[in-house]
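Here come two complexes built around chain A, the first alongside chain B, the second alongside chain C.
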Partner chain A sequence: MEKENLELYQKLREIVGQYLPEDISVNDIKVNSNFTQELNINSANLVDIVLDVEDAFDIMLENEDMDGMQTVEDALTIIAQKIDQNPS
Partner chain B sequence: MKNRVVVTGLGICAPNGIGLQAFSNSLVNGSSGITWQEELSKLNFSCQVAGKPKIENTNLNYYFTNVQLKGLRSSGLVFGVVAGMDAFRDAGMVPSGSTPDWETGIIFGTGILGVDKFRESIYKVDEGAVRRLGSTAVAQTMASGISAYLGGMLGAGNQVTTNSSACTTGTEAILMGYERIASGKAECMLVGSCSDSGPYVWGGFDAMRILPRNYNERPEKASQPMSATASGFVPGSGAGALVLESFERARKRGASIYCEIIGGAVNSGGQRKKGSMTAANNVGVQRCITTALEDAAITAAQVDAVNGHLTATTKDPVEIENWAQALDSFGKQFPYINSFKGHFGHCLAASGSMECVGVVLQFHHNQLFGTLNCETIHPEILRYVHPSKVLQKTIPFVPRVIAKASFGFGDVNACVIFKAYS
Partner chain C sequence: MDKAQILQRLPYTSPFLFVDRLVHINANGVVGKYTFRDDLPFYKGHFKDFPLTPGALLTECCAQIGVVCLGIYLFSEEIASKAAIALTKTEMEFLLPVLPGETVTVASEKVYFRFQKLKCKVKMTNALDQVVCKGEISGMLIPSEREK
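Presenting the complex of A and B:
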């Protein structure tokens, strides 16, 4: 993974880590982890993850973006796209 | 044939103490939980004193997961979960595993829940930022949020609901849980109530000019139930919780039993005669008390002590007259009477359950707790009750039967009868 992407991945892991159920640890988060199926994150909390991601990366995610965010990898792709679109 | 119902667990989150030990100490020794509130002062409240549990000293990780703690702004919900979970643990029970406990239910009332969270949401909605409310704006502000949070924590599989009847809420919740077990529909009910802290809950009462205005420099003296100088109720907040169980189940699992509930009644004065949205129809109050005695199959003479609603307004003597008429007991025949609102104020929807926790502790300690700030008994009260019956100080006493009542806006009444377990 490129350095830039690695930073993004680490930041995302920190955010996602806050919403993990008690029996899953941050170390269980892999690039291909599915948020609800594998990490057992409550689907309602995906909303909170999106808000935290918006704050952390200074981007805005549309409802459609959220629908496409099944895995950590999906999220990374969408965040990278949004950062590229954001000239600041 | 009604099933016997016993109390096997208690939990309390009160301005004068969080946890049974601190709360008991305050009630026994007469220390106040009322404090000056800087926030109310800044907002130009006439009454700047209130009762607020010192929750900042409590480790909330003992009660909530980290995910639940994120964005948690509902004070009533926090108080309710602390009291509810403590009561459950006090009863020596553990949350159910993967299968719900179909025999255990929850009736946990509130007046309004999550006001601070709702305020945060209102600001965001008005800014056009509804998409940024987060996932718990509903769960933290729905009235039944408190029973829903507790339900998930315990895995309760019987009825899980929230009742609301103003200041009778807590006492009503206890009776609803009692009836559910007595009728055989549940084996165990976690019952109680909670009330939020803060200016948005208390402001409406300040606006009605029914709170004391002259005690901002002496907060611990502000709440004076049954006193000649009572000048209004001190607003409070917190939560109380009781675990009720069928006697059979409690006996089978070897639970320690605090006392028994043998009956009670709820009714309304219909806002007729002297009754209104804010005042009680005395006929309704007396009828509630006499019906409770009938339901419990006891006579008025068997009532050793009464814990009144007694909010520390100028209406306390009217309540005393209602008790005297309903029990048909006057002077030295009148049972002992006390109020805990001198210690922690009027905790509104939470008051009934918090005060019932205090009542049950009187059985546990073999004491009747004194009423704080009642140095000079209101002369109107002495027309009905001998001064020796108005508990100004804690006394050693082995109670057999204690009656507790709460009355609320909307002219609603609730009275529950506790009996020593033998």
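Presenting the complex of A and C:
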């Protein structure tokens, strides 16, 4: 993974880590982890993750972005795209 | 959507309807009232010798007025479809007891409504305007049937 992407990944892991159920640890978060199926994150907490991501990366996410965020990798792709769109 | 239409759409009925009327509602919040009549059945058991309104029902009242009524309003404004609302999180602090017969006012302020999730700051006050309980309640809105 490139350095920039690695930073993004670390930051995302920190955010996701706050919403994991008790039986899942931060170490279980992998690039290909599915948020709801594998990390057992419910839809309400997924919204909180998305809102935290918006704040952390200074981006704005839409409903279709949310729908496309099945895995950690999907999220990384979408976040990277959004960051590229509005360089601040 | 007006206040009467919102009340009509509430998915509750006696003995689990905890909204009597809405004082006002807009996209940012709602204020509503409910009277815990002294003949409500749970007072017989909570508690054995001195009837007191259970905190769980104060929370329910806050959720029905503050999140469900507001959710129905917001949902009808945005997508014109009916919504079911699933409670996802409550974080409440209880400060004063509510006795049988008391009328309470619930004021709810929208924290955010995004991606179908509605999070609100709620506050319940008694007739003396003292804060009875306050906290944050969230729910997910699930679209059901389309508006006819």
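Of note:
Throughout what follows, the second predicted complex is superposed on the first by the 88 of 88 C-alpha atoms of A that agree within 3 Å, B and C clash if a C-alpha of one lies under 4 Å from a C-alpha of the other, contacts with A are read in each partner's own complex, and residues count from 1 in each chain.
Quick note on the criterion: contacts are C-beta pairs under 8 Å (C-beta built on N, C-alpha and C of every residue); 3 or more make two chains touch, one makes a residue touch a chain.
None of these values were measured; they are calculated from a predicted model.
Using the contact criterion defined above for the overlaid structures, shared-chain residue A:21 touches chain B, although it does not reach chain C.
In the superposition on chain A, A:44 contacts both chain B and chain C.
Shared contact residues of chain A with chain B and chain C: 42, 44, 47-48, 51. Listing the residues of chain B that touch chain A in their complex gives 65-67, 70-71, 132, 134-136.
By the touch criterion stated above, chain C contacts chain A in their complex at residues 88-89, 112, 114-117, 138, 140.
Contact residues on chain A toward chain B in their complex (touch as defined above): 18-22, 42, 44-45, 47-48, 51.
In the complex of the two chains, the chain A residues touching chain C come out as 42-44, 47-48, 50-51, 63, 66.
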